[in-house]
Structure formats: structure tokens, C-alpha cells
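Right after this note come the structures.
Shared between the two complexes below is chain A, which has chain B as its partner in the first and chain C in the second.
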Partner chain A sequence: MDQPVLRGEGSVGAAGHADPVAAPTPASIAPARRTPWWAWALSPIALLPLIFIVLIALVLLFSGDLKLLFEPGFWSFNFYFNPLAPSQAVWAFPLYLVGTALTAGIALALATALSLALAISTTVYLPAWLGRSLGTLTNLLAGIPSVVYGIWGYVVLAPYFGLTLQPALRSYLGWIPFFGGPLSETASGTGVLLASLILTIMVVPLTTAIIRDSLVSVPHPLLEASFALGATRWETTRRVRLRVARSGVRGAVFLGFGRAIGESVAVAMVIGGQTQIPPSIYSGTSTVSAFLLYQQDSAFIYPALLHALVEFAVVLLLITLVFNYLAQRASGERGAVGPTSAAGI
Partner chain B sequence: MSANANVPNDDLTRSAPRGPRSRTMGVTAAVALAVVLLVVGLGAGYVLGDYVLGNKGSNSTTSGNGPSYTISESGSSLIYPLMLSLGPNFTKLYPNVVISPQSTGSGTGISLAESGKVDIGGTDAYLSPANATQYGLINVPIAISAQLIFYNIPGYSGHLNLNGTVLAKIYSGAITNWNDPEIAAANPGVNLPNLAIVPLHRQDGSGDTFMFTSLCYMSYSGWPYGYGTSVTWLKSSPSATGNAGMVTTLSTTKGGIAYIGISYLSEATAAGLSYAAVGDQAAISDGTNPANYILPTPQTISQDATLGLANLQPPSVAVSLILGGVPGATDLKLGGGGTLPSTADPTPYPIVNLEYTLIKISPSDATLQKWVVAFLEWALSFGNSATYMTPVHFLPLTPAVIGYDMQALQAVTVSS
Partner chain C sequence: MATDTMTSRAAPEDLGHRSPRLARRMFMDRLLRWLLPLSFLLVLLPLFDLLYYVGVRALPTFTVATVTTNPVGFGGGLLAPIVGTLVLISVATGFAALVGIAAGMYTAEFAPRPIARTARLAGNLLAGIPAIVVGYFGYFLFVLATGNFSTLAGAITLGIFMVPYVYRVCDLALARVPHEQREAALAMGARRGQYLLRIALPIAFPSILTGIFLAMAIGLGETAPLVLTAGWSNTPVTNLLGPTSYLTGIVYQNYQFPTTLGNLVTLAFQAALLLVVIVLALNIVVQFIAERYRKRLRGLF
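Let's turn to the complex of A and B:
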């Protein structure tokens, strides 16, 4: 093998470079090398995803005209589509956005708490071998296709939710807002609660992996210093580890949210599909991506519906990009380790 | 780069022992893997695309016994099982022809047939005559299907009498309770409970939604949502996905009502659900006469198909066989019309549709189209029997429809 070419990331191979701030520049440590031909040849491949995203955006822009976005009907809260009078259609985008934000928001709140607990216990408290194995396991879970979660939620969880859990929750926790509202008439278990939980289970591996990575990469001298000052393990974790790693945690939350709002299949199967603002966590609603998924077949028949779907997709794409950008920015702060370096993602 | 501050730089760090050498190897391996995957993916995509999108020369390959052909079909999930059973039996007779069906949904089937990407498009709803002309396609019905109205009323397992007007009022929120006088009037002697009606609808776009909303649209002038494969619904109307989802959801919904394809009759009955006798054309004006309510049976469904097509001028199959059809029209008209029961066909079940295949009238590959036409002619004659239709819960076509089909197929350009 060649000698490694040390690039600007400043990764230090051999031990003994004690001062990380004054990390040697590549030029000073390794002689300038010619870039091998295959690196040039392969670099366009690395750009393919970017090119695809730009192409998708352009196609969406020009095929849909995007004129609906500027019509009041698009931003109404009352969905109306009559195939016989497509010009009167009212698309009620915010209605679907509420469903998306609600399910993703609940999921992220739960997932963040769970992931923090998991990441802290596996990096700080559990023996290293166990922590590492559990870490690998969460990474594996991140690779399960979402439709598997959807089917599992619909077939296994939904009947239990509808017939047992939701009535119980309502009678014991009914005093909390949204827990006391009406139960779904269908008793099928589908709705905001189940969709949020399925999303939580989907997002937890992702957020845990990122948070774990940022916790692990907190420089040890800082931790040693904290111990030297007499801090306990919990105090060190809370005041040093989490403080240094907080941008990584923030990045994990944004990235998890970006994934949760874009998820279609698993959510669509358990969301209940009613076009309403849910009066309680037991009620059915719909999300932007569930609407996209279930109306695509009809969209081939009704051009007006196809236009609406394209514009839903454009706005969803923009929102996802914003959250991914926020995730990048959060992880860029203070040079912390961020989501992009998370193992296996 | 900004990562300097966190670079592992002491022996305590777990990753320290991993040297730069292994890292470079890892990157090289990852790049190599990516390239391999890309090549494999592109290759597989090319082969698959060629196979699926077919008929651009590559699906008539020459083997030892002469050229062989692959006919691609895509569309309705109801037609898919029929194609799966018809295809191999046709291949037994003509080993050089393979039928390759896909279950993608009616809308996708129509779209692919219009763009010529499949040889046969399958759909539950007919292609409108205007679009058929524009894209050079013909509607070729291959089977008869029907829709049932199921409900979940605890303690009642008989057949309720319901007509289109009452159903439309339930789904538009004008009737909200099972003890409504209008329902009671059509069901003398039935003690209906004081129970809220929960109307279920399909979350996904569906030919069943098309049929059901057509019935509502034709039966009740106050129906506000038009008809189609996707429409607006009451906010209080819960949804389910697919016919199977409708059965599952209705079985847990007390007071629920749902429209479900006859293909799911056995599943729904096993789930403890009962279905309605649906009012025919006469029930719209005289809803209280129990004689105007008809249960779905092979006989009553066939009667509806015969009646619905009997008086169409010009002859056409692009019509919903709802309420016995609309004479002289190729589209639905507000308030019905329909064909009243005749002496030959006294009891037509009113929610019936044809299952359609769409083919190009002037195909790009006339040699392949010869086999497409041959396959459909075989399906309409030998395939049009209970042997093939009963397992997939369809009914064989009536002679009138077959006559129409055979005539329509004559117009297709084929090469000999």
C-alpha cells in the first residue's frame, strides 16, 4: 500500500503529535503527490447524487409549473377535490403539514430522550464490550426498510392499540390535553399515536448512532480534567461530555426530524387517512408523504391531482433540505463531530 | 477543516490503534465496492428495464423454434390474479408467447398503456372515449365484477335494504344514525339500533371508489363530491387501505359501513360482516318496496351487465353498469337514467362493472400485437369460463360484451 496522504482533515496517524491545535498541514508532513488517475475518473460519480437532486428539482419545477403554490386554495385547511370540477379543487396543504409536523414532532421528542439515554448508558456506564455491541446493534436497526415497521405496526400493534391500549390510556391519562379526546370510531388503532410511535422506533437507531459518535469523540483530556477536579461520572457526563457534544445532539435531532417528515410508507399504513386536524392522539389524520403515496395512482388519471402532488413534493423536498442543512450547520459549530460522520449512516 | 479539535490524539481513544493504513484500505475498498455496485446496478437496471418496458425489439428473440414473444401487462390489482392464471395456460398452447403481468394500480395501467410502455393496460374503470381516441387505445372488457355494501351492526346479521340515495346521504352526512326513518322505511320488521353510522372510505385511489361514488352521484342530486378514483370525503369518515384493509377496519368498527369488491366476499363473511341488498332503479323513486332491493348473485350481476349494454347507441362498453347503466350515453348523467328491469332480466344488481384491458389500435410492433390480439381472443373465448373466473371472484362476460370485444379487436392493426 501507498503511504497515506494526509489530507486537510488533519487526522493524525502515528501517535506522538501531542498538540492537536497545531496539527501539521499536509504539505509539511507528506510530500505533494500526484493525484492518481482513477481518483479523477471516479470523482464525477461522487457528484452524481448532487446532479440527481438538481435534476429532480428542475423536473419538478418545470412539470408542475408551481403556480398552485401561489393560490389561496393550496394553503386552505379544507380539502376539496371533485374529479368532475377540478378547477374548484382546494388542496389544503397545511392540513397535511400539520399531520406531518405532529407525528414527526412527537416522534422526535420521544426519540431524543430515548437516544440520549441509550447513548449515555452505552458509552459511559456499560462495560466497553457491551456498549460497543449495543452500538453496533442500533446501527443495524437503522438499516431495516421502513415498510417492515409499517407492516409490523399495522398487523401486530394496531389491533392491540385500538382495543386495549388506547381505551386504557384515555381512562388513566384523560386529564392530559389530547389524551382525553374521542377514541377513533373504528377501534382499528391507527392514528397519530401509533404513527408517532412507529416513527420513533424508526428514528431512534439513527439519532442514537449520531449521539453516540459525538459522545465518544469528546476529547479525553477534558474528561480526565473533570475527574481530576472531583466531579462524579454523572457530573462529568452532564457538564462536560454533553456540553461538548451538544452540537452533535442538535444535529441528530434535525437529521432525525428530516427523516421523520419524509417517511411515507410506514406512516401511511398506520396514520388512519382522515383529512382533519386530529382532535386527540387517537384520531386519524394524514401526512404530506402519505397523501403523495396513496394518490399517485389516481394522479395518472386526473392531471389536476398530479399537479397538486408535484407541488406537495416540491414543498416537502424544500422542508427536508432545510432540516438537513440545519443538521449540517449544527454539527459544523465548534468543530464538533456531526451526523455526517455517524457510523453506518 | 474544522475537525482538528476532536482528533483522537491519545492512547485512551478507542480508535487510536486503527492506523491510517487500514483507513486508506477501507476507503479504497468502499470505492471499489461502490463501483462494483454501480456497474451491477446499471447492468441489472438495463436488463430489467428492457424486460419490463419490453417490445422495443428485444422481446421477440429468436430461439430454436422460431421467434418468441413477451407480452407485458400492467395495472389493476384485481385483474392481476386473472392474468396470472390465464397467462401460463396460454403459454401451454403457444410456448413461444409469455404473458408478464404486474399489479400496479388502474391509474398506472392506463398511463403505461397510453405511453405504449406496456402491451396491455389493466383497469377497473373504463378509459374515457375522448382519451381512448387521443391515445389510439381501445377498451376491451375481459370480466365482470361487482361491489358489495358491507356493514357492522352488532346483533344484526341479515341483509339490510339500502339504496343509492340512502348510501349517498350516509356518505355526505345527511343520515348519521342506523335508526334513521329513511333506512327503517325500506326495512320493515327490522329493529335497527340507535347507533351512529361510521362511513369508511378507501385511503388509496381505487376503482372501487369510482364505482361507489358513481352510484352516489347518480342516485342523489345533493351528492357534493362528484365521482372518480379519488374524491373528497366527510372529515368524520375514517379510511382504510385496499379491500383487505376495508374488511379489517370494518370488522372493528361498530356501526361502520363500507364498499368492498365482491372479490373479498369470503374474507368479509369470515370476519362476521353482512352485506346489503341494494335498491335498483325503481328503489330511487319507491324506496319502501322490498321487491326493489336485490342481492348480489351471479344471476343478478349478469342481468345488470346484459341490461346495461342492451340499449347503448352507438354500441360501447365504456360505461359504468351502475343502476343498470345509462342508455345512449357513454358517461354518467346526474340523477340516473338507467335501464329499468325487463321481463328477461327482472332483477339486476345495481353496482356492477367491467374489468378492462387497454390495447393500442395501431401498435408500433404489429407482429407482437398479433399475439396480443390472439391472447385476448383466447381469453374471451376459452378463458371466459367459471374455471378461470370463479377462483378470482369474477363472472364470465355476457355474450353482448364478447360480441363487442371481438368486433373491436378486428380493428387492431396486426401483421400476418
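Let's turn to the complex of A and C:
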């Protein structure tokens, strides 16, 4: 098959055109109109979202103590905080970053695989009506509040994980690194594994919706060409559809990762909260977002803690903005990966 | 699988007879056809498990008293949190709708192209900012500035978090109004403002409503922005400048207690049940309107 042609179409397909021979978009046939001066002058109205972002960034930057970011203690791995001697506090930010990267990373790996399977089955294999109703059900998953996932994880899943699933995993898969470890680590049920799995379920609707959109918008002539060459549905999916929709998949992964990093409530409820590098996937740890959440009442009392938390929030904000921007870049200019993606609008 | 399957061809006389490789390729296709849809089980199982257990924990003791009494000590009901959530979500939705629709209309209709592009990007980025970060922002901007936790601080913080949902939907809905409508309006001598208010807005209205419902569903389920701004009060809120309780807060505060201690955990599950029911209802309305609107738009062409 002629690869360069596919690559060339890829950018078009991912940009959200369902049909390459469709009528030209209104923007392209509209006569170039002069922009009146007042349209420029009043543009802050359109830029309100940007103004909010800048406002959030500025308030956080000026509320804390930016110098903290450049102290070696902030970047050490040995957390120490004594309310009676706040000046000696060591915040150990990377500790939480490890927890964040670990849970979000596992969640995204699982969610991407699951979303690809879901999206491919609805667009390629299932009849349209079934795909649509199952898709609606998946979208419902996106609507369930994170705090409900949290209490379900803590009250319903954690005992099962602690008593049954995790000891079993440990005894059968213990030879794999991080699947073994001391038995006591598995007992509570809360920890990296549970948090990652809950994050997976929370992210799946979002990534699935975006991947499905980009799979659907692959130009049909490319698929027809592949079928005409005798390729099966799976071969066409793997070599044409997925290849053309690649950028959409990448956008979904970035967006999902940003979402997973930022999730605080559900993760805080099921991750255990220990300040440690988890020795196994069953161990409790903490993430940046979760730490920000469950230290907040202490922070209202100890200004030193509050100052450190603000810097945590600043770095978290920066990281999520980067991942969200990468998602926008990857998925093309049409902004297919907006806040509305998972709602099926 | 061989790498050159794309170039292989079956000679006409081979059609009745399958080569081993063709059989293998077709087997792979059939296998995945049955295997991949099974992934829905992995998604629907947790969904139903969650709904089932929330129902099982919440419903047996769910009485009228649950929604007519305030939380007290280790027991009580959900009256104050329900009222608080309703007040918070009303104010926040008002704020988000006002800002989101204004910005969306301007982006779709008047903004010069580079501004519109930046604004859309910013809208998508704003939706990606973690709720807890928005919460700290609200704490510094509203709580520290006014000196106390208040319903209004919580509602505005929540509202900022909800803005991008209304904004993006409003912008998209206006952009999707068929171009013929604009041409017809302008040909009749309408100005852009007239076209926007009299033609585009009524057509896009169901979609914009969808965006508002979606934002409400998102806002109802948020905990983190409120924990840092709204404070807590076990009596129904009467003053926007006073603290309030809210349903997600009940879940978050109570979930860790032993189930034998009063009805704290049960109350948490009952709050969770109310949230799930309201949010799912809103989501179903959203899906329904979106589906109908899609059909209506298609009919116009």
C-alpha cells in the first residue's frame, strides 16, 4: 500500500472531517470580511477563559513563596514536617510526583488499551444501534461523581482487594517485580493498584469518546481502498484506520493523562495516603493532588504547610496545562478534544 | 501475521479454496470480532457494580426523614446538604452560563480569527485544570480576602470550574448553525447582531441548554473546589455569605468511619445515591437532546 498517501490524508482525517469530498466548510466559502475595530476592542469577552487561567496562575504564584521551589528540601525524598518547628520542614515533592506518575501511568496504559478495544468494536465490529447504546452507557460512566467512585472503592472494593484479590495476585504473580512484596502490604486493600484501577474507569469514557471520534472520521475512500486490496476488517483497522487516526489517539492519551494527574478526591479516598515510594503495587502511597486535598484542613492552621501546598498546586497546574496543550496539539486545530468530548455531544 | 498481506491476491480459481494463510487472516478477524466487544464487560461490570452497591447501602434505610432532617452528630439526614447543593449549583450555573454564553457568542460570531483560536484553546485548557487547584485559587481569592468560608465563594469557584463546558458547547453550537441561515439573514439585510440573536441563537438553543446541563452535572459531582471554599454548616444555608454543607461533602467526610458508628457511612451512601440519580438524569437528558438536535440539524440539509 502506498504509505505517503496515507500519511498525507492522516492530518485531514484527524482534523474531524467525516467525508473528504464533503462540501467546503462555510469558513472557506465565506468572503473575507474586514474585522471592524470594535471586534478587536471587545475581544476580552471571548478571552474570558484565558483570563481565568491567567488569574488562577497569578493568584497561586503570588499567594505562596516561590523561593520554596528552589530549595533542595522541596526536591528531596525525605518528608519531614513538625508543626512545632516549621522552619525545618522538608516537603519531598518528588515523593508525591512518583505516586502521581505511577497511578496515572498505570491507569492510562490500561485505559488506552481498553478504549482502543471499545472504540474499535463500536466503529468496526458492532452493529450501529448496539454500538450507540453501549456508547451511551459508557458515557454515563463519565457522569458519576468522583467522590462516589471513591466511597465505592473504599467501602466495597478495598475489603475485597485486601482479603481476596491482592493476596491471590501476590501468590500467583509474586515473581514479577512489584507484584510481590510483604504480605502485610496487601491487607488494607487501598493502594496503588486500587487507585489506578479506579482512575482507569474514570478516564475510560473520555479516552474512548475521543478515540471513537477520530476512528469514525477516517475518510472512507481509504478504507474502501484497503478492502479492495483484499484486506480483512481487522487488517484495515490496524493498518489504515488506526494509522490515520493516530493523532487522535495520541490526543486522547494526553488528555486522559492530564485528567488522571489532576484527580484528587477519588484517589485520596483509595490510595492509603502513606508518604513513601510504594515498594509494591499493593502499597499505599500518595499523589500530588491527593496530598493537596487531605492536607487542606491542616494547611488552614499551619501557614508553612499552606505555603508548600501552594507550590505543589503551582507545579501541578503547570504539568496539567502542558499535557492538555499537548492533547490539543496532537488532535488538530478543530479542538475535537474539548471538555465536551466524553458527553457525546 | 505476514507483513505483505496487502499485496497478496487470490487468483480467480482459488476462490473456492482457502489457502492456510487466508484462513489464518480470516480467523484473526473473526476472533477479534468476538473478543473486542467483550471489553464492554470490563466497563459495564464496574458501572453496574457501583450502582448496585450504592443502592444496596443507601436504599433500605432511606426514608422521608432522610431528606427532611439535618445531619447531627453520628446521624441525622441530608436536608442541609441538599439545600446547600441546590443553592451552590444554582448560583454556580448562573455564573457559568452568563460567562460561558457571553464568551461563546463572542468567539463564534465576532472575535477576529486569531482571538477566537486562542480563546477556544484556552477554553479547552481551563477544563483541564485540576479541581483541587481551582479550589486553592478560590481559597486565596475569596476566602482569605473576605475572611470567612462562604456559600458565594464556593459557588463562584465552582462556577469558574464549570465555565468551559458551557463555553465550548455554546461556541460549537453557534458554529454548527447551517451556513444557509446566515446567508439568508444577511441577504434580507440583517446585521450580524440581529442574525446572532434572532436566527442563530434560537437554532442553537437546545445545544446550549445541553451544555448548561452538562456543566451542572459536572458541578454537582465536584468536591475539591468546595472543600476549600464553602466551609461547613449542619443547618440549611440562609445567607449566601455564610458557610454551607453539600452532598459531596457528606460523602467525603463520612466514608472512612466504621460502619457501626451511627449511620455516618449509610448517610454518605444516601448522599452518593442522590448525586448519582441527579447526575445520571441530567446526563440522560443531555444525551437525549444531543441526539435529537443532531437529527434536526441533519434534516435541515
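Heads up, the rule we're going with is that the second predicted complex is superposed on the first by the 282 of 345 C-alpha atoms of A that agree within 3 Å, B and C clash if a C-alpha of one lies under 4 Å from a C-alpha of the other, contacts with A are read in each partner's own complex, and residues count from 1 in each chain.
One rule holds in what follows: contacts are C-beta pairs under 8 Å (C-beta built on N, C-alpha and C of every residue); 3 or more make two chains touch, one makes a residue touch a chain.
Please read these numbers as outputs of a predicted model, since none were measured by experiment.
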item	value
First, second, both or neither for A:76, with chain B first and chain C second	neither
First, second, both or neither for A:42, with chain B first and chain C second	both
Contacts of A:220 with chain B and chain C, given as first, second, both or neither	first
Touching partner for A:162 - first (chain B), second (chain C), both, neither	first
Chain B or chain C, by number of chain A residues touched	C
Partner chain(s) touched by A:313 [first = chain B, second = chain C, both, neither]	second
Partner chain in contact with A:272 - chain B first, chain C second, else both or neither	first
Residues of chain A contacting chain B in one complex and chain C in the other	1, 42, 45, 269, 296, 335, 337
Contacting residues of chain C [partner chain A, same complex]	1, 5-10, 25-26, 28-29, 32-33, 36-37, 39-40, 42-44, 46-47, 49-50, 53-54, 57, 99, 102-103, 106-107, 110-112, 115-137, 140-141, 144, 160, 163-165, 167-169, 172, 179, 182, 207, 210-211, 214, 217, 220-224, 227-228, 248, 251-252, 255-256, 259, 265, 268-269, 272, 275-276, 279-280, 282-284, 286-287, 290
Chain A - residues contacting chain B, complex	1-2, 4, 6, 8-15, 17-18, 20-21, 23, 42, 45, 79-85, 128, 159, 162-163, 184-188, 190, 216-221, 224, 268-269, 272-276, 284, 286, 290, 294-302, 305, 332, 334-337
Touching residues on chain B, where the partner in the complex is chain A	1-14, 16, 19-21, 23-25, 31, 34-35, 38, 104-108, 110-111, 125, 196, 198, 200, 203-205, 224-233, 235-241, 248-249, 252-256
Parts of chain A lying in touch with chain C, wherever the complex brings them together	1, 26, 29-30, 35, 39-40, 42-43, 45-50, 52-53, 55-56, 59-60, 63, 114, 117-118, 120-121, 125-126, 134, 136-152, 154-156, 201, 204, 226, 229-235, 239, 255, 258-259, 261-265, 269, 289, 292-293, 296, 309-310, 313, 316-317, 320-321, 323-325, 327-328, 333, 335, 337-340, 343-345
